[in-house]
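Handing you a structure now.
We just call them A, B, C and D in the order they show up, numbering each chain from 1.
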Amino acid sequence: MKIYQLVAKDGQGRRISRVFDYFIMTLILLSVLAIILESIKEVNSQFGSVLWVFNIISVVVFSIEYLIRLYVSDLTHPSTSRIKSACRFVFSAYGLIDLLAILPFYLPMLIRMDLRFIRTLRLTRFLRILKMNRYNDSLDLIWSVIKEKRSELMVTGFISFLLLLFASFVMYYIEGEQQPEQFPNILASFWWAVATLTTVGYGDVYPITGLGKVISGLIAIMGVGIIALPTGLISAGFMNKIEDKKKDLNTCPHCGKEID
Amino acid sequence: MKIYQLVAKDGQGRRISRVFDYFIMTLILLSVLAIILESIKEVNSQFGSVLWVFNIISVVVFSIEYLIRLYVSDLTHPSTSRIKSACRFVFSAYGLIDLLAILPFYLPMLIRMDLRFIRTLRLTRFLRILKMNRYNDSLDLIWSVIKEKRSELMVTGFISFLLLLFASFVMYYIEGEQQPEQFPNILASFWWAVATLTTVGYGDVYPITGLGKVISGLIAIMGVGIIALPTGLISAGFMNKIEDKKKDLNTCPHCGKEID
Amino acid sequence: MKIYQLVAKDGQGRRISRVFDYFIMTLILLSVLAIILESIKEVNSQFGSVLWVFNIISVVVFSIEYLIRLYVSDLTHPSTSRIKSACRFVFSAYGLIDLLAILPFYLPMLIRMDLRFIRTLRLTRFLRILKMNRYNDSLDLIWSVIKEKRSELMVTGFISFLLLLFASFVMYYIEGEQQPEQFPNILASFWWAVATLTTVGYGDVYPITGLGKVISGLIAIMGVGIIALPTGLISAGFMNKIEDKKKDLNTCPHCGKEID
Amino acid sequence: MKIYQLVAKDGQGRRISRVFDYFIMTLILLSVLAIILESIKEVNSQFGSVLWVFNIISVVVFSIEYLIRLYVSDLTHPSTSRIKSACRFVFSAYGLIDLLAILPFYLPMLIRMDLRFIRTLRLTRFLRILKMNRYNDSLDLIWSVIKEKRSELMVTGFISFLLLLFASFVMYYIEGEQQPEQFPNILASFWWAVATLTTVGYGDVYPITGLGKVISGLIAIMGVGIIALPTGLISAGFMNKIEDKKKDLNTCPHCGKEID
C-alpha cells in the first residue's frame, strides 16, 4: 500500500507522491538533456563516460519505477485477475511509453536503429503535471475548441490535400522535363507543394519555367487563404467558448431567472 | 431502371448505389496512386507492366461507367429528348471530367502533352462523398462564410494585386541593372513580389541593392498585413454565422419569451 | 460644358462620362501591359516598334485628357480665379499623377532614371472605379477597421520596430565577426531581422554561430506573435463592425423602442 | 528642487521637464543612429572622428543625466535614507539601463565584448513617451489581452516546444547519417525545427531523405496550426475586451434600464 502511494495520482500519500513525481520528472528532463549532449560530438568525446554512467543510473531508476507500476497495477488498473491488471498496464499508453523508454537499453543489439529518442515520449508525462495545476483549464479550452471545430478543420485539411495533390501533378508535368533532378516524380513535386502552401519555402525546389511560376504563385496565394481558414475557425471557436461561459452567468431580462 | 439505381444519388436502390460508389471511389484513389507510382522511375522500371495492366482495367471500368451514365442521362438530366439529355450530361461538369479521365487513353497520340493528370479532377468527386455525410454542414459553413465576405476578399485581393504590380515595377528599375539574370523583366520581378508578399521566400530571387532591400522589407511587412486582412474577415464571418445560429434558438427556458 | 461632362464624376452626361472613363481605364491597363512587355527583351526586340507607336498614341491621349482636365479645372476644383483652380488641379493627388504619367515622355533626357513606371500610379485610379460600384462598402469597411485600430496597429508596429532594431544590434555583434560578408554592418543585420520576423526567410543571410541561431529562433518565434497581434486586432475590428450594424436594427427588450 | 523638476514625470515644472525629455530622447535616437553609422565601414572611415566626438558628447550628457537622477533619487524613489533611495534607483530597471548605457565608455578595456549596443536598451524609454500620450490605452489593451490569455499562450508554447523537441530528435536520427554536416547533433536539428515550424525556412538546413521530408512536411503543416492557435486566442481576447467595454455602457436610451 505504501508503494502504491508513490505512484498514485490522487492517493492519500500526496506529499510522497509529489516528491516521487518531481524526482522522475527531473530525471526525464535530465535524460533528454543527456541525449542532446550525447549527440554533440565535442561533448560526447569529453564527457562520454559521465553521460554513460548517468544513462545507466537513469535506466535503472526507470526500470524500478516500471516494476513498481507493474506491481501496483492491480490498484491502478483494476481487473478481474492480477495478470489481467498487469496486461492492462503494460498495453496502456503510459505503460508502453515507459517500456519503450527502457527497452532500448536492454536490447541494444536486437534492432539496428537507435530507439533512445523514444524516451522523449516520456516528455508527454509533463502533460500530467499540467493536469494537476491551474493550466489544466487552458489545455482543456484549447482542446475543446479544436474538437468542436474538428469537422470544419478536417474539411479544410481535405481541401488543402486535394490542392496539394493537384498542384503536384500539374507541377510534375510542367517542371519535370526542365528540372529532372528537382522534380523527378510526383512525390518530389508533393514536397515542393507542401513547402509552398505552408509558406515555408526552403528554396531547395522551386519552379524555373514561366507556367511553373504562375502555378507556384497561385499555390502560395492560396496558401495564405488556407492559413486564414483554420485561424478564423479557431478564433470563432475561442470567442464562442468565452461567450458560453459568460452566458452561464446571465439572467433572462423578462422574468429575472437564470438561464442555464 | 436497375442500371439507373447504380448511379442514382438518392434512388431507391441505395445499397447497390453505395457499393458502386465506393467501388468507383476506390478505383479513382488507386488510379491516382498508380499515376504517382508510375512517375517514380525505380517503381516504373520494376512494376511498369503491372501498372499498365491496372491502367487498362481502370480505363475500361471508367468507360463502362461513362456509358452507363450516358445511357441513364434521360433520368439524371431530364430534357425534352433523349439526345438533349445526353448532351446535357456530356457538357455537365461531371460529364466533362468523366470524359477527360478516359479520353487520354483513347487518343494517346493526338496531343503531345500527357493528359493523364486530368484524372485527378475525378478527385473532385470525393466532394460528393462529403455531400452525403455529416461533413456536409462544415463544407457549407466554410463556403457560405467565403461567399458572404466575397466582395471584401476581392477588394483585399485587388489591393494586393496593385501592391504586387507596383513593387514589381519599382524592383525591376532598381535591381534590373545590378541583377540582370534575376530581374530580367517585370514578370520575373512579379515572381519575386509574389514570393515575398506571401512570405514564402524561396531564396532564388532576392534584392542585393540597399534600396531594393528597403522595398523588399516594406513588401514583406505589408505581406503580414495582407495576410491579417483575409484572416480577420474570415474569423468575423465564422463568428457571425455562429451567433446567427444561436439567435435562432435564443428563448428563455423559464418564460419562453425571445431574448433580443 | 460638353467637355466638362466627359470628365465629370457625377455630371448629367453620365453615359458619355462612363464611355470616356472606360476608354481611359482600358488605355491605362494596356499601357501598363506595354511597359511589362517592353521589359521582356524577346518581345521588345520583335514588337519594339509596335510598342513604341502605342506608347506615343497613349501619351498623346493622356496629354489631351490632362489638358481637358486642366481646362475644366474651374468646375472640378472651384476657386476664386481660373488660375487658382488650375493650380489646385495641378497640385492635387490625381493632377500630379496625371502629370507624372506623361512628363517622362516629354522630358526624356532631363533625368537619367526611367520614370515610365510612375505611370503605374495611374492604376490608383482603379480605386475610383471601386468607388462607383458595389465594392465601395467593402473598401470602406476595410478602411474603417484599419482606421479604428490605427493606434493599436501603430503600437504593434513600434514594438516590432524596437524588436527588429534590438535584434539587428545583437546579431551584428554576434555574427559580424564570423560572417563579415553577410553581416558587414547593422543595416545588413536589419535586413536579416526583417526577413526573419516576417517569416519570409530568403536564405541569403542566416546565422551560423550557436548564439546567433538562438537569437534568430527567438525572433522567428516572436514573429509568429507579431503576426498574431494585427490579425487579432483586425478580426476583432471586423467583428465589432458587424455587431454595430446588427445593433442598429435592435430594439430594447423592456420598452420595445429602437436603440440607435 | 529645480533639478528634480527636470526629470520629474508629473512634476509642476511640466514644460522644462518636457524639453529635457525631448532633448534626451533626441540624443538617444541620434546615438542609436551613430552606432548604426559606425558599423558601416565606408561611413566610419570618413566620418569616424565626427562620430567619436558625438559619442563623447552623448556619453557626457547621459552621465550628467544619470548623476541628476541619482541626486534626486530621494524624491523619485523615496526611502528611509538617502543611500537606500540611491540604491533603489541604481537597481531599478531604468537605473540599470541608464548605467549600462554609459558604463561601456568608462570601462573600455575591462571586458572584451563591445557593450555599446546595450545603449539600445535606452530605446525602451520611448515607452515612457507612449505612457504620456494617447497611445497609452492601446499599449494597455494589447498588454491586458496578452496577460489575460497568458496561461493559454504558455500551454500553446509548451506544446510547440514538445513538438520541436520531438521533431529534432526524430530528424537527427533520420537525417543525421545522410547529412552529417547539416544535422551534426540534436541542437542543429532543433534549429531546423524552429525554422520549419515558424515557416521561416531559410533553406540552409532541409531534409533530403524521403522519411525526413514526410516529417518536415508534417511539422510545416502543424506550424500552420501552431500559428493559428495564438492568433485565435488573441482575436478572442481583443473581441472580449471590446464587448466588456460596450457592456459597461449598455443601457436603453429610452427607458434607461440595463440590457443584459
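Here, a contact is a pair of C-beta atoms (placed from the backbone, for glycine too) under 8 Å apart; a residue touches a chain by one contact, two chains touch by 3 or more.
The shown structure was predicted, so the numbers you read here are calculated from the model rather than taken from an experiment.
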item	value
Common touching chains of subunit C and subunit B	A, D
Angle (degrees, nearest 5) of the CA superposition of subunit A onto subunit D	90
A-C against C-D, pair bridged by the larger set of C-beta contacts	C-D
Per Cα centroids, the chain farthest from subunit A	C
Numbering shared by both copies at the subunit B-subunit A contact, with half separating same from different	different
Cα-centroid distance, subunit A relative to subunit B, in whole angstrom	30
Interchain centroid distance [CA atoms averaged], subunit A/subunit C, Å	43
Subunit C and subunit D, separation of their C-alpha mean positions in angstrom	30
Contacts with two or more other chains, residues of subunit D listed in rising order	187, 199-203, 227, 231-233, 235, 239, 259-260
Overall pattern in which the protein chains touch one another (line/ring/star/complete/other)	complete
Complex contacts: residues of subunit C adjacent to subunit D	151-152, 154-156, 158, 162, 165-166, 169-170, 172-173, 176, 184-187, 196, 199-203, 206, 210, 213, 217, 220-221, 223-225, 227-229, 231-233, 235-236, 239-240, 252-255, 257, 259-260
Complex contacts: residues of subunit B adjacent to subunit A	32, 35-36, 39-41, 113-114, 117, 120, 123-124, 126, 130, 134-135, 137-139, 141-142, 145, 187, 191, 194-195, 198-204, 226-227, 230-231, 233-235, 237-239, 241-242, 252-255, 257, 259
Of subunit A, residues touching subunit C in the complex	199, 201-203, 231-232, 235, 239, 253-254
